[in-house]
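Quick one: this structure, given as structure tokens, is what I'll be asking you about.
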Amino acid sequence: MTSRTGRHFLHIPGPSPVPERVLRAMDRQVIDHRGPEFGVLGREVLEGCRTIFRTEGPVVIYPGSGTGAWEATIVNTLSSGDRVLMFETGHFATLWRQMAARWGIEVEFVPGDWRHGVDPALVEAKLAEDRGHSFKAVMVVHNETSTGVTSRIPAIRKAIDAAGHPALLLVDTISSLGSVDYRHDEWGVDVTVSGSQKGLMLPPGLGFTAISDKARAAGKSNNLPRSYWDWEEMLKPNATGYFPYTPATNLLYGLREAVAMMLEEGLDNVFARHQRLAAATRAAVEAWGLEVLCQNPDEYSPVLTAVMMPEGKGADAFRAVVLEKFDMSLGAGLSKLSDKIFRIGHLGETNDLTLMGALSGVEMGLAAAGVPHQRGGVLAAMASLRAGLDG
Amino acid sequence: MTSRTGRHFLHIPGPSPVPERVLRAMDRQVIDHRGPEFGVLGREVLEGCRTIFRTEGPVVIYPGSGTGAWEATIVNTLSSGDRVLMFETGHFATLWRQMAARWGIEVEFVPGDWRHGVDPALVEAKLAEDRGHSFKAVMVVHNETSTGVTSRIPAIRKAIDAAGHPALLLVDTISSLGSVDYRHDEWGVDVTVSGSQKGLMLPPGLGFTAISDKARAAGKSNNLPRSYWDWEEMLKPNATGYFPYTPATNLLYGLREAVAMMLEEGLDNVFARHQRLAAATRAAVEAWGLEVLCQNPDEYSPVLTAVMMPEGKGADAFRAVVLEKFDMSLGAGLSKLSDKIFRIGHLGETNDLTLMGALSGVEMGLAAAGVPHQRGGVLAAMASLRAGLDG
Amino acid sequence: MTSRTGRHFLHIPGPSPVPERVLRAMDRQVIDHRGPEFGVLGREVLEGCRTIFRTEGPVVIYPGSGTGAWEATIVNTLSSGDRVLMFETGHFATLWRQMAARWGIEVEFVPGDWRHGVDPALVEAKLAEDRGHSFKAVMVVHNETSTGVTSRIPAIRKAIDAAGHPALLLVDTISSLGSVDYRHDEWGVDVTVSGSQKGLMLPPGLGFTAISDKARAAGKSNNLPRSYWDWEEMLKPNATGYFPYTPATNLLYGLREAVAMMLEEGLDNVFARHQRLAAATRAAVEAWGLEVLCQNPDEYSPVLTAVMMPEGKGADAFRAVVLEKFDMSLGAGLSKLSDKIFRIGHLGETNDLTLMGALSGVEMGLAAAGVPHQRGGVLAAMASLRAGLDG
Amino acid sequence: MTSRTGRHFLHIPGPSPVPERVLRAMDRQVIDHRGPEFGVLGREVLEGCRTIFRTEGPVVIYPGSGTGAWEATIVNTLSSGDRVLMFETGHFATLWRQMAARWGIEVEFVPGDWRHGVDPALVEAKLAEDRGHSFKAVMVVHNETSTGVTSRIPAIRKAIDAAGHPALLLVDTISSLGSVDYRHDEWGVDVTVSGSQKGLMLPPGLGFTAISDKARAAGKSNNLPRSYWDWEEMLKPNATGYFPYTPATNLLYGLREAVAMMLEEGLDNVFARHQRLAAATRAAVEAWGLEVLCQNPDEYSPVLTAVMMPEGKGADAFRAVVLEKFDMSLGAGLSKLSDKIFRIGHLGETNDLTLMGALSGVEMGLAAAGVPHQRGGVLAAMASLRAGLDG
């Protein structure tokens, strides 16, 4: 029997549930994108982005997806034939590498096991070897949405500095921004890439790049063709709150509201909440006798938890049972993890009881799908949450 | 720490959560209540009500609350000085009695312990004694929202018939309609009173009365003054889908959508879902070592479960902890049950995972508030839900 | 050909168009009407009502229509057999009189021609004659929605005082409140009746009564039965922002937003805007060579303008043409004015260009329906609006 | 005095007003873009696009603006160094040319006076001269949003065929699709570019390209780098209703609803309505004694009308008066037309009375800003509308 009344539990690692307030803010007539009211909106959202990215520099907002912001980063900073250093942390790192290759970038792609983040020591070693400074950029996925592993950007920054290497640091925060502590300026990131539909609690449709002076300078002399994504074309009208082509006005309404909500809660509280929900989820996984994909506790993702299926049990059949019986969407394993893991999103507009509903659905789903496990994951999760509350 | 991001868990026994589809249907410009488009709307919702009340007769829709529909029932059928038979099933039966008294009705109020529904045998006995047929009506609350006890209307109907008594049967279904199987015509009810904000999944603001021929005939000769609530004034324009005074148009938009949703799910499926959620809730209560207020399993409410606090522990302090720490609203004990019970609503737009979130909140709240209990209520609830799914 | 794309022009004299902001404010989950968040909402809307009614005393908000608030006024202040003084200003005065009669009130109903408001001199004369003070109340419709005539309440108050008569002054402001300057305390009104769906820019579903001390005192000793409408039952929980039975929460969300919008614009600006739109409408009517129903310029309604059809032309056929061809709803003539007039609403969420769209629709409709008229009403209206802007 | 209550009149030539139904359809929780429910949505909107573009071939939907779809068209069909033929019809043709240049395309840009569309005879002449078939594409803006001139695509197609030239025909319909009759397949267009925020009545945020077999084949061998915009990457998952990266789900909800609305009205009725509103607007302009920018009646735009200011009067000051006094946004003159013209949008969710409100605002604004003109444009517009209705 299917229960389709009531709220769908959307627990993929993004798009994440959109708050009622944000949906309602978007449910408003579009306005003249050249008129004075728009200028106020534009300045507010651009300023709001700087607060969230923790930067004094410019943040460019594109009508587009996070994938578009990846492309914007490449075409605005690199030249065909440039060498870059990337790390195989999972599916999305692989996709970004493929994109770079399509733009004629030569990628040194350090192999990985999809269970660890970028090793700062390896970054330092690779860069130290590169005496001729042939690497123009180090490109890192902050939170690997495909694995639930969060790389440690400050340590990577330190590694680059330790190697005395001038490479740009380009970081994909598509699934981390707004969920995990992140500091564009303080951490010396050159381009931070993000999207609207994860920690920012918006529907998909906006891509972002935060840009350091060094990144912008790189764009003055690189040779990749560009028009839509061109930073300079954006930054001119952005100065007064406008855009060079028609912006996605209603998503900007939503962005204004989402930023307001995040600041009302307090960014530190937002991050702590994600940590608490993630810890409870891992407690449940452990109690079920299942294994978290991420192997380094320092790299556990606060955004999602990827769970390994017991040998011989397909993750997709399990997810189908959960969707059918409990009206919950879980994330699938991607490419080489296909059918081997499922992913539980616990990001954005999520709180304790919503998470408990989701974990209950997982536990009931394991039973319904005949997946061997220990009962009581939900009890462990509740104990973890309560410990977190008291802490 | 309080978590205020994410969805509030509204688990009082009404108002119940309003589906996104219903809210969106209401979020529409008002129309001319005398124009042709309104006539179509009016006929649709009046027909929809007949389907939900399971009657071929008229259902009157008032701008007002369920309390208003109580008053409408009294003033349209009774006369000052009339005797009626009522039963003390809880707080709402008591309030309806007080209202009747304010209208000059003489109420025989059979005492009760607030843990049982109306005893059909007692109905039969009381009516059999009343040889002169002085009782003009038997007034029963179908689902006592204050106690979580559902009286058995078909058995009460049989009792009246067995006594050969001509009294009207007036039934309050404010918190049962749309959640519990109910059949106005088949069960020989004369007036069924209801409201919008419970099983119908609407915001509060509409009251309903379904009317038998016998009830309508009684209104032709009774003497209570009335204007706003007068059935005859309503029924004339209702014939073509209109109302004698300005109707609550946007709530009618919502009513149209809510009825459509209920029929899409299928009324029988709706009722079965409520039974399943209620059984899971009671399983949790039992596992916690707490006691359900309702003592007769044949009268367990599918709408809400009232839970008795252990001796010496206040329910209101517990509820405050749950609201503060887990952003969930539970129902309070009313009048003589004040601070002695809490009530868990599991009605309307509610599904398995939402219920599990709620029960997790109760279990964590019991711990947080220092209420003695056994852990594992959520496990019992999950077992119950899964058994229900397989059944 | 019918054009059904685009915005319907709702120019009946209420329900009036609901602002996007108000609809969006209502499109929100219902909350626990016994919880702390509700208390804040309740206090805000009750305070907001006092500001709009311009009273320091209580305003009671009912789930119900304005008709319900009429009934509340009668049952809370009068006794069966009481004499009251009313004036036949139009359809709604007649309906209120009928309601009073149903409650056993003896109404002296001073005849009128439906083209004038209440004559203050007549009030004074009638009350002066009533040496025994048999009239318990003077009941006046402030703005007759059926005729577009606004009676002068301050002059009526003076007339009562000049006669030295103790009668209560009960005023229906259902279609004037929020559109026309109105001062409950300053004008010495005892009960002000209103509704949500006109100047307050809300959907229908709320009724209001503002209550003087004298009115409340009258309720302590009157004899009409009541429960739902009882003021004292309301005022007790209202003191902390709560209600004795389930309030229409989502309409209260809307009320909070609507009051905020009115105060942002400034009440005086709101009233001036209505005056300006009404003047432009009358200028158009005059230019068309048609006649405004209201004959006393001091009593022109800022809310609606009733227009007399030329002899031999039916208003309803004309209105049907306007609805069919131009997707605009105009108000019909009621009872004895049926088919003889049409009414143009220009209240609430209405501005200059919306009014011009509406008047263009009337002018095109007159032509399309073959109603004799002079072209150019819209030019006269524009001249009037521009004069108003410059003024 | 400013009137800010009531509906803003958005009469720029896009973004156009979004229907209440479309906004409400978008105001819904996001769903899993990999789940079965999304697949149904994806197939529906892709099929809907084919109906609107009138093609049997693929239509690609991008998260992005129309400008992005311009870029997609270039990078998927052309190679650096390719020659293309373009025509200076106005600001947007000029922008598209600049974009092509940024991608290394050699543009032959035939000068124009911004008051005419593309001359089919000139197309034929230019192509006939090009014996070596060096032009890889003819790139035409269907409806020049900056001038209100609509080029005649079928005649241009014929011209290309008459010249026996194999160039691709690439057409920008950003501001015409959904407002003007358009037939991708029948007219032999190779790529049709469009956007969401004009005739499709959606907020901005989606770009579209409809693709002929020939265009797709061209993309197999061209050399421009691309990833985000790559057609082949899109078309693979589109086959089952999915997308290669996160789509703008909520805009797709809106697209589904907008297509449904257009088909309910009937595309031919939609186009006829635009023609009728445009004719009425031109009638008003003529009556005011002002001049329509477009000089060829066969090329009058049904979407917008650009109006020339009298010598010595600035358009922007006039527009500011209209915005300030009448809360209406009109379009500005762009680049070389800056301050010389204003543009009246009459597209999408617009009907007769809304247009009349807008034209009244223009007429009052002309007076308020001291722009010499004849009164009575609104009368001429009404006469035109009525003639259109009767026709």
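Letters A, B, C and D name the chains as they come in the text, with residue numbers starting at 1 for each one.
One rule holds for everything that comes next: a contact is a pair of C-beta atoms (placed from the backbone, for glycine too) under 8 Å apart; a residue touches a chain by one contact, two chains touch by 3 or more.
Each chain and its UniProt protein: A, B, C, D = Aminotransferase class V-fold PLP-dependent enzyme.
What you see is a predicted model; the values in this text were computed from it and never measured.
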| item | value |
| --- | --- |
| Centroid comparison with subunit A (C-alpha atoms), farthest chain | C |
| Contact-richer chain pair (by C-beta pairs counted) among B-D and A-D | A-D |
| Subunit B and subunit D, separation of their C-alpha mean positions in angstrom | 54 |
| Centre-to-centre distance between subunit B and subunit A (centres being mean Cα positions), rounded to whole Å | 45 |
| Whole-Å gap separating subunit A and subunit D, where each centre is the average of the chain's CA atoms | 35 |
| In subunit C, residues with contacts to at least two other chains | 17, 24, 27-29 |
| Complex contacts: residues of subunit C adjacent to subunit D | 1, 3-7, 9, 17, 19, 27, 261, 265, 270, 273, 325-328, 349-358, 360-361, 363-364, 367-368, 375-376, 378-379, 382, 385-386, 389 |
| Contact footprint of subunit B on subunit C as seen in their complex | 8, 10, 12, 14-18, 23-24, 26-36, 62-68, 71, 80, 98-99, 102-104, 195, 197, 203-205, 224-228, 230, 244-251, 323, 329, 332 |
| Subunit B-touching residues of subunit D, taken from the complex the two chains share | 20, 24, 27-29 |
